[in-house]
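One chain, subunit A, appears in both complexes that follow, with subunit B as partner in the first and subunit C in the second.
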Partner chain A sequence: MTPTPEEVQPRTDAWLLEIDHLRVSYGRRRRTHTAVDDVTLNVGAGEAVGLVGESGSGKSTIGRAVLGLTASSSGRIRFEDTDITSVPAERRGALTADLQVVFQDPYGSLNPARTISQTLTEPLLTHRAMTAEQARARVQGLLDQVGLPADAANRYPAAFSGGQRQRIAIARALASNPKLVICDEPVSALDLSTQAQILNLLADLRADLGLAYLFIGHNLAVVRNLCDRVVVLYRGQVMETGPAAQVTGHPLHPYTAALVAAAPVADVAAQRERRLARVTVTEPLTVAHSGCPFAGRCPHVEDICRQQRPARVKVGESVVACHLFPSGKGDSHTSGSVDEKV
Partner chain B sequence: MGSLALRRAAGAVPLLLVVWTAAFFLQQLIHGDPAAYVLGNTSTAAQRDQLDAAFGLHRSPLDQYLSTCANLLSGDLGRSWITSESVGRLLSTALPVTLSLALLSTLVTAAVGTALGIWAALRRGSRVDRILQLAAGAVTAVPNYWIAVGLVYLFAIQYRVLPATGYVQLNQSPGQWLQSLILPVIALSLAPIGPIFLQARSAVAEALDADYVRTVRALGIPRRRQVLKHGLRNAAAPIVTAVGFNTVGLLAGTVAVEQIFNLPGLGSQLLSGVLGHDVPVVQGVVLVFAVGVVIVNLAVDLLIGVLNPKARRA
Partner chain C sequence: MSTVVHHADSPVGPAARAGRALATSPLTLTAVAWLVLVVLTSVFADQLAPFDPLTQNLTELLKPPSATHWLGTDSLGRDVLSRLMHGGDTLLWGAAEATAIAVALGLPAGLLSGYRGGIADAVISWLVDLTFAVPAFVVLVALAVIYPQNTAVMMAVLGVLGAGAATRLVRNSTRTVRDELFIDAARVSGLPLRTILFRHVLPTVVAPVIMLAATSMAICVIVLSSLSFLGLGGSPEAPSWGQMIYEASQNITVDSWLLVPPGAVLILTVIAFNLIANTVRDALPGGPTPRPVRHRRTVLAETAAQRPDADPQTLLGVHGLVVEFPSGPVVDGVTFAVRKGEILGLVGESGSGKTVTALAIPGLLPIDERITAGSVRFAGEELAGTTERRLSRVRGRGVAYIAQEPMAALDPCYTVGNQLRAALRHFGATRRAAAARTGDLLREVGISDPDRVMRCRPHQISGGIAQRVAIALALTGDPALLIADEPTTALDVTVQAAILDLFRNVVATGERALVLVSHDIGVVADVCDRVAVMYAGQIVEQGETDSVLGAPRHPYTRALLRSMPSLDTAGRLPVIPGSVPAPDAWPEGCRFAARCALATDACKKGPIPLMDVSGPSPRTTRCVRGHDLAPEPGR
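Right, the complex of A and B next:
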C-alpha cells in the first residue's frame, strides 16, 4: 500500500490521542466482521471529541481498542506519543492513570460487593501509591467534586440510583487525575433529567480540570452540547468530521443528515420537513460492496457509490467522505482532497 | 447474623424429629424378629421372649417409639441391642473419625475444585480447559468405593507407602492420624471435586465477564487483583453453595469408605446397626448425620451472608 498524503504529512500538533487507520475485525477467515474500518481521528489536550453513530457502527469498539480491551487488527493508536496499539490494558502500567473510562451501564460497572470508598481508592492505591490516609481524604474530595454526600463512601452501590452510580463511576475515573477520559455512552442508560445533570457535571469537570473527552454516543443533541468536534461513524467508517455545531447544524453527508433528522423536534411543521430527509432502504444491509457503506440506504445513491469508496474531502471546516462532494469540484476555495489529519 | 443462626436452629428441630421418627419406623418395616437376629438361629423361644422383654419389644411399635422420644428428651439415646453399650458413648467415639474424614475431604474438595476452576476460567476454550471439563465429568461418574479399592491396591499393596486400613487418633499421633486418612480422603474427595470445579469455573468465568471487571481492567488494576478481589469475591457464593451441597454428599459417602478402610466411624456403626437390626444405634447415627446436614447448611447460609452484603440484610 502506497502511503496516502496524510501519512507522509509531518505532524504539526501534539495530539493527546492519535488513532491512525485503525481497523478492528472480529472472527476468523471467512466469517470476519470488520467493526472498525480504517478510522483516523485525534483528540487534543483538553478537547472533547464526540464519536456518534448508530448501534453497531463500531464506536464502542474504538473506545475498547483505545483502552486496550480489544485487540486491533491494523493501524496505530498513540497516547502522548506512546504507541499503545498492541498493549493490553493489563500491561499499560502507569499509563492507565492518564487514560481513564466511564462506561455506559452504571449498574454493571460498579462491583456490588465493594463499598464506594473501596471502589474509589482502588485506582489510587494502584497508580498513585497513596497511603490509606491520603486516599481517604482524596475520596472525600472526589465525592464532593461529583456532587455526592460525604457519607456515600461507606455504602454499597445498591444504595444508589443510576445517576448517583454514574457520578461514582465518574469519580473513579477522575481519581488518578487523568488527561483523557473515554466516555462510552455515559448517559444512555439514564433518564432524561438525570442525563442533563450528568452532562453538566462532565462539562463542569472538563472546565475545572482541563480534561479531554472521547465521548461516545448516539444522541447528536447530547454530543453537540458537550463536544468541540464530532466524528460521525457508520458501519465502522468515518462519514463526516467537523466542528460540533457545523456537523449537527449543517450536516453535509446524507447519513449525518439522516441522523440529525432521526432526532424529533417539538415543532410539527419542522418535524414534517425533517421527515423528508429520512433514509429509504434501497437494498438489504447485508449486501456488501466495495463502495460507500451507506449506499444501500442513501437517498442520493448513484452508481459510483456502489463501486468506489469515497475519498475524504475537506468542505469548509468539515471533512466528509461522500461522492456528492468530489475532490477538486464543488466549493472552489474550500474544497479539496484532505491532506491533513483531522 | 446471630439471630439468623438461632432461627435456623429452631427451624431444624421439627426436621430432626421427622428424621428420628423415620429412622425408627423404617426399621420396623424390616422383616423378622429383632431378637432372632441378635440371638442367632439356634436361640430358643424363651430366650427370645426374655430379650424382647429386656428391649421392651413386647409393646406396640407406637409405645416403643414414644418411649424412645421420652428418653431422647432426657438426653438418653438408649443402648445397643447387641453390645448393650450406650449409644451416646458409641457415637462419641465414632464421631471424631467421621468428622476428621468429612472435614479433611471438604477442605480438599473446596481447595482443589476452586483452584482448578479459576485456572480453567482464565483459559476458557483452551485445551487444558476442555480436558479438565472432561475429567470433571469422569471423576464424578466413578463411585468412591471403586476409587478406594484402587487406591488401596496401588498405595497400600503395590507400593506399601500408606496403610490400607485402620485409624489412629489425632491426639495419639497427628502424623499417623493423617497417614491413616490420606487414602480415604482422596477416595471420598475425587468425585465431589468434579461438580465443585465446574461450578467454580462457570461462576468465576461469569464474574470475570461482568462489567465491573471489564471496568477495573480498563482502569489498569493488575490481573491478579482483578481475579481474586473482583472475580472470585463475586463468584464465591455459588462455590460455597456447591461445597456445602457436596459435603452433605460426603457424609453419605463415608458409609462405604469407612467400611473399605476399616475406620471405626459413624458409617461403620450405621452399617453394622442396620445389618444387626440394632434400632437404637441406627436411630442415633441417623440423628447425628441429620444434625451434621443442618449444621453444614447453616454454615453455608452464614458464609453467603458474610460474602454478600445484600443477603446479610435479609
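Right, the complex of A and C next:
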C-alpha cells in the first residue's frame, strides 16, 4: 500500500478537516473524467492550507466537494470527526455555520437584486434564533470587521467595486462564526493593490478569529503569503505537500519546480536569471492515463514514470509523489520506510 | 476595465428592470391604459352601455354612427357600442383563466425541473413535449362539440396545454440562475430549498413569466375570437367580438363598417398585450441594448511639423492621446513611442485606461468611445481620425491585435488550418502558398505537430495552443506592430512562460515591435524593454524596465511593487489605501495624491506634468517629489 497520511503526517487529533483518498469523477462509463484522483489532505484548526494548481488540476472541485456542492465518487471527507462525504450542503444543518466559502468571482457571488443587508442577514435569520434587531447589529459589526462603511448595508452590489464586493463576500462567510473558510481563488479577479488589501484582511481575520483556511489558488506567491502549508495539485493528483516556505523555496517535485520557475518576479535582473535557468516544458496534446500525470512534460522523465504511479514519500518536512524520490528501489508496494531522506 | 462602479443605488434584478421599463415607455403606458379601459368597460358594461346589447330595433337596421348610436347599429338594429362593451367579458375572462392555469402549472413544474434536474427534469420535459405534440385547436373544436358553449372547460384545457411552454421557459431561466455563485453561496449558508427557490430563483424568473403571460393573453383572445367566429364559443345570444366579426362578415357587401369596431378593438387589445410582452422581454438580460449614436470623429491631430522630429526607427508614436466615453475622458493625454525590435509594456490596474489606449491605436474602440485629441502615427501615417477604409488597410498588415481570450479570436466552426489559410488568402497569398505557409506559421509559434493542430477545431486544443494559434493568425499579414492585451492572463503560469518566450522570438528579428498590455508586473519584468505605468488615464512613469522597476520614481509604481506578494516572504503586505478614482472623480492635481504617503499641498494644486528624470536612459515621472524617491533603492 502507498503510505497513508496517517503514516506520513504526524497524526494529531486536532484536524478540523480530513480528506481521505477523495475521488471525484464526472460523466459515465467510458467518457468518465476524473477531476480529483485519490487526494488526501488535512487542515488543522486555525491552520491555513494552500491548494495550488493550474486550470484543470481539480483544486476548485476539492473545495466544492468539501462544501457539499459536488458529489464525491469515493473516499471520505470528515469535518471535526463528522463524516460529510455524501451530505449535500442543504442537509448539513448546523454544520454549515462552521464551514463557509468565499468565491473567486465577486460579481457572480452576490445576488444583484438583494441589498447587502439582506444578503448578510439571510444566514443569520435562518439558523440562529436572532431577532431582526440583533441581525442588524451583527451586520454593522461584520461590515466594520471587513472595513466597509456602515451605510453599505442598504445598497445593492452594483454600487461596489470588485474589492469591496469581495469584502462583502468575506463578511457573509464570517456571519455564522465559521471554523473553516474555503477561499476559492478569492483574489484572482482583483487588481494588485486590492489583492494586497484583501490578503491582509484575510490574515487579520485569521489571527483575530482563529479561522482555518483552505485557500485555493494558482498564484504561488499569493499562497505563500497567506498559508502555513501548501498542497500542489496536477491533474487531480497531489504532487507535493509541505510547509509553504519549503515548497516555494526548495521545491522537490519537478512540477512544483516548474511552477516556481515560471512565476515571474518584478525584478528584471532576477527574472532574467530565472528565465535562463528554467526548462521550458511544452504542453502535450495528449495525456497518458497511467503512471505519473506529469510524465509528458517532465524534464527528468524515465520509463518508470510512464508505467507506475509514484508513491508518496516523506522527504524532510514535505511529502512528494515522484520517482526521483524512491521509497524503495522501484517498488512502492513493498516499501515500508517513508522517512527515508533523498 | 472590469471594475465598473455603478453609483446608481438601485437593484438590477430582472423584475425591477422590467418594472422600470414598463413605467418609462410611453407606448407601453398607452397599451396598459388601453387594457385598463377594456377591462373596466367590460366589467361595468351593464352600467356604462347606452343600450341593452340584445334589444333589437328593426327600424334602425345597419345605421352608420350617429349621436344616439355612436358606432351605429347591426343587421338586427342592435347598438354596436353596447355589444362591443359586453363582448369583451367572456373573452378576457377566458383568456385570463387559460393563462392563470398555464402559469400556475408551469411555474412550479419549471422551477422543480430546472433546479433539481435528474429524473424530475426528464419526466417533466417528456410531459412538456407531449403538450407541444397535441394540436390545441383540434382539441378545442372537439371539446366544443362535447361541451357546447362551455368556455370555461375549453380554456382550462387550453391552459393545461399552454403550461408546457410556461414550464420550459421557467425551467430554462432557472437553470441559468442555478449555476450562479450566489446560489452556491446560499446553499453553503444552509438555506432551505424553499428559501433559495423563493428568494433567489423566483425573482429572476418573474419577468420572463410576465412576458409569457402577456403573450398567452394575446393568443387566447385570438383563439376565443376565432372559436366564436366559428360559432363554437360561448352562447350565440351573448355578444362577443368574434361573433360580431362573424355577423359583420355576413353583411360585408351591404355595410362594411360593421367590421371596423370589433376588428379594431380586437386588434388593439392583442397589440397591447404583445407590446407589454416585448417591453418586458427587452428589459431582460440579453435583450437589445439601446444603439448608441455614432459620433462624428472630431480629431485634433497635430501636424507632423508640431512634433519633435521623429526617429526613423520609431514605428509607433502616440502623442497626447485623449479617448472619451459619452461620460467623459478615460484616457487623458497619453504619449509614448515604440521603436522597431522593442517590447513596450503598458501596465496598470483596472480603470487605468491601458486597454482603451491599446484599442485606440488600430481604431478598434467601441462605437461610443472616440479619440477626441492627440495623434497616433504608425510608420509615418496618422491613424487617429482617419477613415475606416484606411484603418482596415493598416490592420492585419501593419498593426495586429491579440486579445486576452484566445478562444474568442478563433471561429469555433472552422479548423485551425482553415482559418489560417483564409487569413493568408485575404492578404493575397495564392492557394498553394497559403497551404504551405500555414504549417510554417504554426512551427514559428512553437507548435511541434502542426499537421495535427491544423486539423483541430478550436475546442479541441488547449488554451496555450489556442493562444499560439491566435498569435500565428495575427502574424498572417506580417504586421510590423503587434498589440497584445493581457495575452497570458487567461493562461496557466507554465504556459504563460512559454508564450512570453514566443513573443520575445517574434520581436527578435528587429523589424517588429510589440505593445504588451498587462496588469502583471512580473510579466512586464520578464519580457518588456521599456514600460509605461498608467494610473487613472495617464502615464505616471515611463522608462527602461529595469530602471523603472528597480528604482521607481513615482510613488504609485513604488507602492504597487511593494504590494506584490513574493515567493520568499510571508506576512502582511504594505498596501495602497483606498481605490483608483473613477474618471468622473479625477482630481485636478495629482490623481494619486489622495492615496500617496508622500503627498504635499503642492501635489493638489494643479495638473502635474511628466518630468524628465536624469539618468543614463530617457525616463519620465509625473511626480513633483520624484527626486525624493531617488536615493531610496526599489525592492
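Quick notes on this structure:
To be clear about the criterion, the second predicted complex is superposed on the first by the 298 of 342 C-alpha atoms of A that agree within 3 Å, B and C clash if a C-alpha of one lies under 4 Å from a C-alpha of the other, contacts with A are read in each partner's own complex, and residues count from 1 in each chain.
Keep in mind that, in the parts below, a residue touches a chain if its C-beta (ideal position, glycine included) is under 8 Å from a C-beta of that chain, and two chains touch if they have at least 3 such contacts.
In this text, all values refer to a predicted model and were calculated from it rather than measured experimentally.
For the composite obtained by superposing both complexes on subunit A, the positions of subunit B and subunit C are in clash. By the document's definition of touching, of the two partners only subunit C reaches A:His218; subunit B does not. Look at A:Val52: by the touch rule set out above, it reaches neither subunit B nor subunit C. In the superposed model, A:Ala153 lies in contact with neither subunit B nor subunit C. Between subunit B and subunit C, C contacts the larger number of subunit A residues. Of the two partner chains placed by superposition, subunit B and subunit C are both touched by A:Val101. Shared contact residues of subunit A with subunit B and subunit C: 67-69, 89-90, 92-93, 95-97, 100-101, 103, 105, 108-114, 122-123, 126-127, 156, 158, 169, 172, 176.
Listed in rising order, the residues of subunit B touching subunit A in the complex are 210-223, 225, 230, 233-234, 307-310. Note for the complex: subunit A touches subunit C at residues 54-55, 64, 67-69, 88-90, 92-97, 99-101, 103, 105, 108-115, 122-123, 126-127, 155-156, 158-164, 169, 172, 176, 189, 191-197, 199-200, 203, 218-222, 224-226, 244-245, 248-249, 258-269, 271, 275, 278, 280-283, 285, 297.
On the side of subunit C, the complex with subunit A involves touching residues 2-3, 5-16, 180-182, 184-193, 195, 199-200, 203-204, 349-350, 446, 448-449, 452-453, 461-465, 492-498, 500-501, 519-526, 545-546, 549-550, 559-561, 563-576, 579-580, 635.
Contact residues of subunit A toward subunit B in the complex are 67-69, 89-90, 92-93, 95-97, 100-101, 103, 105, 108-114, 122-123, 126-127, 156, 158, 169, 172-173, 176.
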